[in-house]
């Protein structure tokens, strides 16, 4: 192996080491445990507490080994039946409020507004409010909250 | 007051003329800070709570961005969140190169004004 | 000068390499508007100093961050002064960088050969704002949490890659304990270090090029 060959290999080895380092830096920075969102069913309330008609806010507490989440959902009841809305604004993630006079969900952050069906009527949100699955069994209401599990 | 250091007004030295001015203003800056600290002591907010809708107000130097974001709806949101801020940043960084050629200074002034008026204007809108 | 200083000077040669710099003439129409950069630097020094003091009590963990800021503010004797200094000098730092930049712009001092120094100065403004953003999360209260939720979600709006960038910034899918540690590390290690290096460049170039004369 002459000097030139050696130098070539040396440079190759250097680029190998360099790219390995860069790849490991990126994969080090990028979080490992990004899982898909999973649906967890939790007990919310008794069926008799549901609104006859209109929107009501229900708080829940979710607990597992990893985390405790204390948040809320909106339940809507009308002639179309029951619907559960997640309160997280689809724009940048603030919590929305139900305004019973205007009959709208309002996000104070950038003025996003949604109608009773969760559809965007004004402001920047790109998507309607997320509808959560639910289940009523033996007079008990269960809702499926979505978490990165 | 600093002129006592140099009899001849037309000659200014880094030391002592300029340095003394700098140190003097640094001390004023420090005193100004202490006045604000004593007048407006820091507070701690409420604990994180996912049950109460909360409108986060950013620090004053991000109010412009906060306002800008609200103008772009739906799938155009990224124009307000990244594209326009990026343009601001690039304009700022490249001012020395914008000031080039015959109307260079005018172009630079326009670029500077876009940034400054954008910043101040949006900040004022967000407070209103 | 004093004996101690003379002794130090014999060891480190402080004076001779800087003699030319200290004795150099500056433009005669220099006025107090040329001191805004120095003021901004003062606030940077105060930020580093008060930040290092805060980090003695601050605990960057999900369960203790809020409590530790509470302790700094209410229990540590005069802790609120240190915290207030950190908070207020962060604001003043940014105000005076902006005023300083306006002065440089008005006096056309960004022109050759000082283009690079304008760029370095602008980058300091960006790192300062980034420090402000990452620092805002550290008290781990309502304001901190939601501002970070909104701020990091903004990155998520970039088409295609936005979501992955956002995960990388948050250190996970949501703003959580991992985000707090990431932001803490950025806030107290990376960003001050980068800002410090940028400022060193900035001053070094001023030393080499002198202060621009008004046209």
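By letter and in written order, the chains are A, B and C; residue numbering begins at 1 in each of them.
Just so it is clear, contacts are C-beta pairs under 8 Å (C-beta built on N, C-alpha and C of every residue); 3 or more make two chains touch, one makes a residue touch a chain.
Just so it is clear, the structure is predicted and the values come from calculations on it, not from any experiment.
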Chain of greatest Cα-centre distance to chain B
A
Greatest contact count: chains B-C
Based only on mean CA positions, could you tell me how far chain B sits from chain C in angstrom?
13
Measuring from the mean C-alpha position of chain A to the mean C-alpha position of chain B, what distance in angstrom results?
34
Where chain A and chain C are represented by their mean Cα positions, the distance between them in whole Å
34
Two or more other chains are touched by the chain A residues 91-92, 94, 109
Provide the list of chain C residues touching at least two other chains, using ranges where the numbers run on.
146, 149-150, 154, 157
Of all residues in chain B, which are in touch with two or more distinct other chains?
49, 52, 54-56, 66, 69, 75, 77
Going by the contact rule set out above, which residues of chain B touch chain A in the complex?
49-56, 66, 69-75, 77, 80
Taking the complex as given, what residues does chain C use to touch chain A?
146, 149-150, 153-154, 157, 164, 167-168, 170-174, 178
The answer for chain B against chain C in the complex is residues 9-15, 17-19, 21-22, 24-26, 28-30, 32-34, 36-38, 40-49, 52, 54-62, 65-66, 69, 75, 77-78, 81-82, 89, 92-93, 95-97, 99, 105, 108, 112, 116
Give the list of chain A residues in touch with chain C in this complex.
29-31, 33-35, 91-94, 109, 148
Which of the residues in chain A end up touching chain B in this complex?
59, 69-72, 87, 91-92, 94-97, 108-111, 120, 123-126
